[in-house]
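Attaching a single structure in structure tokens format; questions to follow.
Here the chain labels run A, B, C and D in written order, and each chain numbers its own residues starting at 1.
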Amino acid sequence: MKYEVVVGGKLRVVELARVDEEWQISLDGNDLDVSVVEVAPHTFSVLLKGESHQIRIVPRPDGTLTLHSGLAEYHGEVTDPRLWRGRRHGALEAEGRQQITAPMPGKVVRLLLQEGDAVEAGQGLLVVEAMKMQNEIRSPKSGRVEKLFAKEGLAVNAGDVLAWVE
Amino acid sequence: MFRKILIANRGEIAVRILRACRELGIRTAVVFSEADRKSLHVRLADEAYLIGPAASRESYLRIDKIMDVVRRAGCDAIHPGYGFLAENAALPRACVEAGITFIGPSAEAMEALGAKTSGRQLARRADVPTVPGTNDPLEDPQHAQDLARGMGYPVLLKAVAGGGGKGMRLVTSDSEFAAAFREASSEALNAFGDASVYLEKYLDKPRHIEIQILADAHGRVVSLGERECSVQRRHQKVIEEAPSPIMTPELRKRMGDAAVRLARAGGYTNAGTVEFLVDTHYNFYFLEVNTRLQVEHPVTEQVTGLDLVKLQIAIAAGHRLPFAWETITPRGHAMEVRLYAEDPENNFFPSPGKILSQHTPSGPGIRVDEGVYEGWTVPIDYDPLLSKLIAWGNSREETIARLRRGLEEYSITGIKTNSGLFRRILADPDFVRAEIHTKWLDELLRRPHPLAQDGTSGEEAAAVAAAVWQATHNGANLAAPTPGGNTGVSESEWKREGRRQQRERLL
Amino acid sequence: MFRKILIANRGEIAVRILRACRELGIRTAVVFSEADRKSLHVRLADEAYLIGPAASRESYLRIDKIMDVVRRAGCDAIHPGYGFLAENAALPRACVEAGITFIGPSAEAMEALGAKTSGRQLARRADVPTVPGTNDPLEDPQHAQDLARGMGYPVLLKAVAGGGGKGMRLVTSDSEFAAAFREASSEALNAFGDASVYLEKYLDKPRHIEIQILADAHGRVVSLGERECSVQRRHQKVIEEAPSPIMTPELRKRMGDAAVRLARAGGYTNAGTVEFLVDTHYNFYFLEVNTRLQVEHPVTEQVTGLDLVKLQIAIAAGHRLPFAWETITPRGHAMEVRLYAEDPENNFFPSPGKILSQHTPSGPGIRVDEGVYEGWTVPIDYDPLLSKLIAWGNSREETIARLRRGLEEYSITGIKTNSGLFRRILADPDFVRAEIHTKWLDELLRRPHPLAQDGTSGEEAAAVAAAVWQATHNGANLAAPTPGGNTGVSESEWKREGRRQQRERLL
Amino acid sequence: MKYEVVVGGKLRVVELARVDEEWQISLDGNDLDVSVVEVAPHTFSVLLKGESHQIRIVPRPDGTLTLHSGLAEYHGEVTDPRLWRGRRHGALEAEGRQQITAPMPGKVVRLLLQEGDAVEAGQGLLVVEAMKMQNEIRSPKSGRVEKLFAKEGLAVNAGDVLAWVE
């Protein structure tokens, strides 16, 4: 299996092969002296040239990953080149139609704009309440509210599409 | 001593209280909502009673239902914890009517000291300094300006009806005053339908320092020393420590005496906290009284060796505070961080959901007061506080090192937590030098923040782990990437779990 | 200070040491065997190196392999923990040769104090009381009997070559002596090929009390007070506490002084423990020196507030012990229980296997030094110590209550642990009154032991849970019960897990 | 589903019915006011008439269970009457042929008796080493070593049959 992995802004190609219970791994074409085991769900112990790293992987609603390693943190993204269909990385995301998704489960308590309204980057679109807090969901770009799927009182789950801004 | 105590709370504080009861040999009964059947406090209690649906106002805030459980279960006392009904005088009143002991102050003392305005009035009578200012509405701009001059700039104009910064203006010189008064009044009128404003001395870089007091029913009131709680995000404490790094024995005595005077003036009993602001010249000003146990009580416990919940129970049972406690001096240094289910990388949005794995630190100098466990689903309905990580050390430096070590070991997957925020704070030079004030954290968070990194080999390890994770956990998702390109995990187990929960809640 | 320390150990003590290093900002390297790839110490270390197969003599006991890692990884010091190579003088010797610091005493001090016979000789020279007796072989029965009379009965006859109770006889009166001498000699000859025996005063109901000492390289030796470790199962400590319930300031001073004298006489540096027996008249007798960190060091840490591992490192780095430590007095009371993977209901048979779930207690006064985690498979190859649960309280009573509370919360499924044993001990009236001695636990375990029960409703809840468990977990097994009728879970996941492990080990 | 459960020496009949996510349970024919949920693998939270119990279930190699509930412990055994084939409870086990099984994984390091040897109740049959300890496996009854499956050096798993004593 071959993956393109962006970690800390750098693109790397990771190739995996399963040999018995172990992974054989190459990074950017070079074989690595590495041992990777999953010690708890989503938590990996990685021994890389003697150094021990504990990597905890937390996916984000936008499909990227936060990778925790002790006190360090990285943003990451993994793509399977076989499935590559013109996916683009973070920096370009603010172009074109933006799909606004709920960052957590909650309840839509207030719509701040209507379909068709003009919207500024950073302007609030709607308010989702969760855990006794009201959380304003903002537009990532300036444009127009193309579609508003959310309604007041609607229960939403993390990742549910709330609106399109174009 | 009591036979059975009802704990009218949930989460980490309910667990904290039932641990104290268990150590005292007192039975515990807890209440729970439909969202909390599997919660840790229900698992650990001796008895547990369902009192309604998830919404707090239909369960944890319903005094009638709680008193009904008290009667059914045959409890002789109620501990309210913090939050929910802890500062609602109707609960101690209901207890008096039912002949049940409320573990806390009387309804009268709660009202006299707990309400901001009556608390400030009491403080003035008890000769406890308050932030200089006028509590009463000012109508005449010229009269207001005279008062401001007398107080000395900078001053704050605040809406009497207000809150949330609306109708508030900082005035740094006399020449700005007239315009600021007009603006504040008209903003207050627009926001609250009431134009009246009042004046308060503006404190530059104040510290939030509070005094823990205990008062028994026999007239003894003691101070257990201070906690420094200046690290706040939007007025919400996130790190607390004891002792305060700026404290001197002399200042501690003066602040402790002031707190004790105030508690006496209010006829206070049980545990309470007197909050102060302390300015850069070490002047202290009374802020408010919290007429209950605080979230941050463990830092006082770690440096004094006392168990505040057990002392609350002893006081409520009519025991006397032994005199020796008055002379207690703190040993070492303690610090607490509040772990919330929220995402510091994404506007601190809450992050409820299922905890897929959890590894909690321990070892020397580490205490965790937790309300969650692996496999449990953090519900959407309540405060996002998961656990408190508390470190103790011989010095502030050792305590910070232990807290960092503890955070490094702390691992929760499935939901996001704010532990990254603490890693950032604990590494900040200002924080390490204890140069903090109540606005310090909000300022820090406005600065651009590179993610903490530990070099190439950490990045390579992360890249490799991410690829293995993709190969073993997430392969299915990418088969059908969504058009927008930013919902790649839309069908992940997180999402499915979210749906399941939602279903469960709807059933 | 050191840059990188190699921890030549595994399990909870490796984790304990690397926590101290992390708090000091020192990098850690650990070694691991093939059975330990997923062990907690490997997960938490900065660096980890494979040094061989599961068998200790091919991995953790191989000085050559460990010194090789030290060189490869560029470590400047080695911490041996306890067990494995910790008391093997060849390791400090190899360190001297390689120019690496050994965190412990010199090879010479280790040999002078660590070996039983030379330790006793040194003790006599340093005027430290030892159990009265003859170290030298006795050949003439009549001479031996004269010595026994002089010592006063009861006395013990012990095989010089022996151990494990073989060739040992308790003699309570002069008339029994001759026969006992013959029996002991012939048993010794049969067992060890050496008939020689020696005499020792028999102490009735002795307590095991030990003194923790610290000695720097500049001539300062201090005592950090005592630990009482009288609760032992077959000479293996299972509960330790500090302070000792029978200790007086005067006795503490005398025992501390004796320990310091002995350490000085042996040229000792770093942390060490001087073990004593104390009889019912408060006479103390030197037993042996442990020239390393002890399993039970946390109880001393909890009452003194000191971090012994950090102090070991500081001493090894040549730092001076500040004088103030000599005057440290314990605060409160601490107690430790050793959680083993073993089955107290079934002859204490070991119980390796996969930990299916784990809930570890925390909260006020609780510390856990753990070496295991949920999902990990406890290997068959090493000591069964999983974790240590340590409680601190203001009094012995509060400490016991906390320990009981902690044990009640402690839950491990998948393997068996000895936590039930502690529940029994902590509830025993003798133990609560601190009327314990080194044979007390073995006596307790010989008494019939009804399982602790909490009444009808607990039984009903257990019955209901067992049925639900059967319905959800174990249904498949009963489809084909085995003829013998007593291996109903033979195809359970426990068994399958065992097979999987076995397979993995064979690969 | 109907089970016979022996806990603390008492035989009880527990009948279970799954209703949505909850169990409806009767004990000895009487409906119970009870809520049972599994909060962690093999750990159940049981609310019985208001009382909260946490029951942790540990199966023993002999097929019975140890049930932990806070500081209390019970021996238990569950039988599904539909599958009942003359299974007998603990008290009778020392009669007839006894199957000796390994109580834990380990290695057989020493045989103390040979096939055909007479054996006393409590006498050691063989020694299994695990976790650095040598554990003597003893005969539960007096009789004769009918069959000895164990050999020196053999690795065994928990539950593996080591010998028959009759």
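Just so it is clear, a residue touches a chain if its C-beta (ideal position, glycine included) is under 8 Å from a C-beta of that chain, and two chains touch if they have at least 3 such contacts.
Small disclaimer: the values here were computed from a predicted structure and weren't measured.
Each chain gets one centre point, the mean of its Cα atoms, and the points for chain B and chain D are 48 Å apart.
Centroid to centroid, with C-alpha atoms defining each point, chain B and chain C lie 41 Å apart. Touching of two or more other chains is recorded for residues 40, 51, 54 of chain A.
Listed for chain C are residues 44, 357, 359, 373-375, 404, 408, each touching two or more other chains. Chain contact topology: the protein chains form a pattern that is neither a line, a ring, a star nor a complete graph.
Every pair of chains meeting the contact definition is listed here: A-B, A-C, B-C, B-D, C-D. Taken together, the chain A residues at the contact with chain B in this complex read 1, 3, 5, 7-8, 10, 12, 14, 16, 23, 25, 27, 32, 34, 36, 38, 40-44, 46, 48-49, 51, 53-76, 78-80, 83, 85, 87-88, 93, 97-99, 101, 103-106, 130-133, 135, 155, 157-159, 161. Residue ranges on chain C touching chain B, taken from their complex, read 15-16, 19-20, 22-25, 44, 298, 301, 305-307, 331-332, 357, 359-360, 362-370, 373-375, 394, 398, 401-402, 404-405, 408-409. Residues of chain A that touch chain C in their complex: 20-21, 35, 37, 39-40, 45, 47, 50-52, 54. Taken in their complex, chain B has these residues touching chain D: 29-30, 37-38, 42-49, 72-73, 373-376, 504, 507.
Those residues of chain C that touch chain D in the shared complex are 341-343, 345-347, 349-353, 356-357, 359, 380-384, 404, 407-408, 411, 413-414, 416, 420, 423, 427, 451-454, 457-475, 478-479, 481-482, 484-490, 492, 494-495, 498-499, 501-502.
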